[in-house]
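Following: one structure in structure tokens, then a few remarks.
As written, the chain order gives the labels A, B and C, with residue 1 at the start of each chain.
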Amino acid sequence: MRWPGTRVASGVLAVLLVVIVVGPLVAPYDPAAPVGLPYEPPTPQALLGTDALGRDLLSRILDGGLPMLGTALAGAVAGSALGTVAGLLAAWWDGRSGRSRWVEGAVLRPLDTLAIVPPMLLVLLILTAFTGHAGLVLAVALTGVPLSARVLRAAAAPVVTRAHVEAAVARGEGPAWIVGRELLPLVAGPLVADLGIRFVAAIYVVTAAGFLGVGPSGTDWGTLIVEALPGVELAPLLLAVPVVLVALLAVSVTVLADDAVRRSRAVLA
Amino acid sequence: MIRLVAGRLATGAALLVLLSLLVFVGVDLLPGDAANARLGASATPARLAETRQRLGLDRPVLVRYADWAGGLLRGDLGTSVSGTPVSAILGGRVANSALLAGLTTILLVPISLVVGMWAGLRPGSRRDRGVAVASLLFVAAPEFVTAGLLVLVFAIGLGVLPAVSLIPPGAGPLDRPAALVLPVLALLLLHASYAVRMIRATIAATVRAPHVEFARLNGEPPRDVVRHAVLPAVLPVALQVWLLTAAALVGGTVLVERVFGYPGIGEVLVTAVRTGDLPVAQALVMVLGAGVVVALLAADVGVRLSTPTLRTAEQPAPVAFR
Amino acid sequence: MSRALSRRQLLRYAGVGAGLAAAVTACGSPASAPTVVGSGGGGAAESLDPFISGTPSDYARNWTVFDELFAISDGNPLPRLAVGVDQGDGAFTVRLRDGVTWHDGSPFVADDVAYTLRYLASPERPVPHELTGFLDTAQVQVRDPRTITIPTLQPVGDPAMLFAGAGMRVIKDGATFAPGGTAVGTGPYRLGAFEPGRQARLTRYDAHWDGAPFADEIVVISLDDPSARVNAVRTGEADYAADVPFTVARTGAGGDDLEVRSAGDTQRTSLGFVMNTTIRPFDDPRARRAVRMLVDRQALVDRVLLGYGVTGNDLFGHGARYFDDTVKAPATDVAGAKALLEQAGAVGAPLVVRSAEYEAGMNGSTELFVEQLKAAGLDARAEIVGVQEYFAPDALAATHLLTFPLGPFPLDVTYARSAAFPTLALNDAELKTAVATAFSTPDEAARAAAWKTAQAVMADRGNWIVWGLADTLAISRRNVAGIEVRDSAKYPYLGKAGLA
């Protein structure tokens, strides 16, 4: 925090998001249609050169941010949301009933079966059944749920017995009100941090699946990295550009997630 | 402590039972089956039906599950689609992957502690920022890209290390240590970076804590401050990070193994999934799941032993994943 | 060693390795004891059983340890353990080579062939062998140690070609192949140490009937990743790697003592799409012809193959005997194609092109092909799936076009394989009659005429779009010589390999 990491990260992320969202609209060519021969060097017409099939790399980069972001975000949000529900449930019932921890037994333990399968194996298994982006979203979500649930339960456990929560219960507030007004604001830090971690993990899963030859095809940045590998000696830019972009995205989100963790510690302390 | 270990073992066993059910019945819902995979393009409906019957695939799924789970308990991992026993396929490969993961963990412990301390003892300094940025980058870059770059530099460019892990039959990777260098290095760059980040953050927080401030103001020499005030606070966290990294390395070596053609489980796993060799994939899930259960158990016990307040407590140890 | 690379004749099966690429590497060592290494795309499920072979390294190893009755050389059957076949009534008689010994010293006899046929027909086999559809393996008669009579279930016009096309290796009477065991063959190399998915060390068998091999030892290495195979040769850990990416030819071998070799024209793989004639719009021959007139074959060759290949003529089977290379693909004619589509009522019909990367370039060609169809105003869409689900019958039935690669098989293998699924086959009476005649007639001229007819049908109203013939490239140390291709350039025959 004494170094301007957080501010730089916010700036980088903002620029990346603009590129990702506006990119498909400003791409000079159809990202799927060939504009030249394969592995052409950069020219004024194709600023970053062409890919393995003669398609414009710049257009593919501009077009590929959104599916990457969409898949990773959808998976991260789905995993984090399911984990939050499970974690809050466990914290609430087990925390408030005091002794019996049946929700943990009924909800979190079964989720642990997912946690003990190495993530790569889980991804491979799921992608055998559901190919394409839907499979990736599911894979990312399932690898994240048990961890998110644990994080949220740990964050919410000390909160559920606080005085203001007791007061809200005594007032007769409904569960939605209590969760929305009393619990979520206090666990927002860990929640955001967890979402960031899930998002970075999702980016990783998307590229790794491509590398193992089980990912979906298309123009998302992860796929671009994998497609670039065979021709890296002919056209280093094909690999370098998506790798740098993915790394920037992952790093900026990680820095911001770390910051959220630090802040949430301060809140919960 | 014995009660704790026994309890955790029981939980682990229950998890594995649940996992086996999930894996068998879940996989059964996937499109295609062993008969499909065996026959491939030569499948006709009549041939498929005949093969299913011969392989017993026409029986109800729970009956087949009972068969399979019973086999697992006897140490029989089943038969691959190719007709080879799964245990013969996995054979030394599980050990080879474990070797890769183990070596990485062993090297990761001192490296992450030293680098984490070196950076974290002076939070905000130039070296701290350098370590923070470098570790972030290595965590963010896919390890197969890092591994590919290592091959380009050290094998193709400098020619000092082998580009592929060619281990002669009958020998183990330890007989050709040079072949282990780049795979372990690629794994280290990723996983040590993660450990460094966690340890650095803990140390940076600890050196700002009041009791450390107090010791320093009391004029204790820096070395003693580190030994008496910082390390005791950092070690439990570090231990947990290391053990969780070890757990993540179970099955986490797949991508790097593929880059180097390392004879571990990675290649088996990818081939099994791509060719629909479900018996192999199912057995691998169970073997690796058991490995992770053991690693997590060790993490749990280790954290408790190193944290005085938790040594007698009943609540579960805080488990943080990446 | 003057036995030069001109003899590298290759036949290549496409897609055999279920998505696994393969390589063969030949490894150098002390000058007096040349070591040749073959490396192939891995799989810990590799087996010593030559009837389970599934990966290129499996084939490369088993094809060197065992011998076949007939091999394929230049598209023709080459007598190996058999010296000839005599046609009979509902059966044929195979005459076997004299003076062949197994690696354990025992003589090769007709009982070994009889056992092999029983073995491959056994119901316990994980995969039914294709020969069981043609031969009555239960009624095989051993006449004497050199003669065996095999009854047929349907007329077989050219039994030598049948055996050669099936690549049937002969195993020893009573052989079983338990994991961890060994394999005894009659081939030019004995099996030494072997670890599935890693390496097999093959030592030379001096008493081989075809003359002693040249190399003292061959090491077959399994490496799945194409880049890893190339790197193994570039860093000197291996001498030869087969089936390497086209980008390697573009970048260059990467050393003065290295070279990129092409397996040659007759060993090219035919790459194409098959139209599903069981559903609209390709149940109408005009729609089939229209799409064949739309595709820009040269654009696909330039991009998917980086120019390492030539355009195809829409017929599978290039490089095989009886292949009709006088047939020309329809000329590109977008306006004419659109007119045909209109006549067929197929304008605006959705077209799904299904693909899996079980051969390098399949998905790339599909993506570009779809773009070409779209550019012509068709409603086309690529459906890229995993290798293991590619042949799922339901999905195949619902797809309009699918990618299909085939090596230079004998034509009967090509036509049988392309008709393996109802959705791949062309239901045409004239074609069926011609193929059946070509397969069953023992008369050479009649067979040639029948194949000519079959190919004319495919050229006229067929459901194939063979857009390109792809080179098969290898990276090799310059002094590696004598690597021949019998079945496939992906797993060449190493029996005559050596260091020059």
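Definition applied: contacts are C-beta pairs under 8 Å (C-beta built on N, C-alpha and C of every residue); 3 or more make two chains touch, one makes a residue touch a chain.
Just so we're clear, the structure is a prediction, and the values are computed from it rather than from any experiment.
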Would you mind telling me which chain pair, A-C or A-B, is linked by more contacting C-beta pairs?
-> A-B
Can you name the chain that lies farthest from chain B, using the mean of each chain's Cα atoms as its centre?
-> C
If you average the CA atoms of chain B and of chain C, how many Å lie between those two points?
-> 39
Averaging C-alpha coordinates per chain, one finds the centres of chain A and chain C separated by a number of Å equal to 43
Between chain A and chain B, tell me the centre distance in angstrom, where each centre is the average of that chain's C-alpha atoms.
-> 21
Multi-partner residues of chain B (at least 2 other chains) | 31, 148, 258, 270, 273-274, 276
Among all residues of chain C, those touching at least two other chains are 19, 227, 386, 388-389
Within chain A, the set of residues that touch 2 or more other chains is 127-128, 213-214, 229
Of all residues in chain C, which touch chain A in the complex?
-> 19, 226-227, 245, 247, 250-251, 299, 302-304, 306, 357, 363-364, 367-368, 370-371, 375, 382, 384-386, 388-389
Chain B residues touching chain A - in the complex, by the definition given at the top = 11, 14-16, 18-19, 22-23, 26-27, 29-31, 123-124, 129, 132, 136-137, 139-142, 144-145, 148, 201, 248, 250-252, 254-255, 258, 269-270, 273-274, 276, 281, 284-285, 288-289, 292-293, 296, 318-322
Complex interface listing, chain A residues touching chain C | 30, 32-34, 37-39, 52-54, 127-128, 131, 213-214, 216-217, 229-231, 233-234
So, in the complex, the side of chain A touching chain B is made of residues 2-3, 5, 109-110, 112-113, 115-121, 124-125, 127-129, 147, 150-151, 154, 197, 200-201, 204, 207-208, 211-214, 225, 229, 232, 239, 243, 246-247, 250-251, 254-255, 258
How about chain C: which of its residues touch chain B in the complex?
-> 18-20, 42-45, 47, 49, 52, 54, 123, 125-128, 130, 179-180, 193-201, 221-225, 227-228, 231-232, 234-235, 237-238, 254, 386-389, 391-393, 417, 420-421
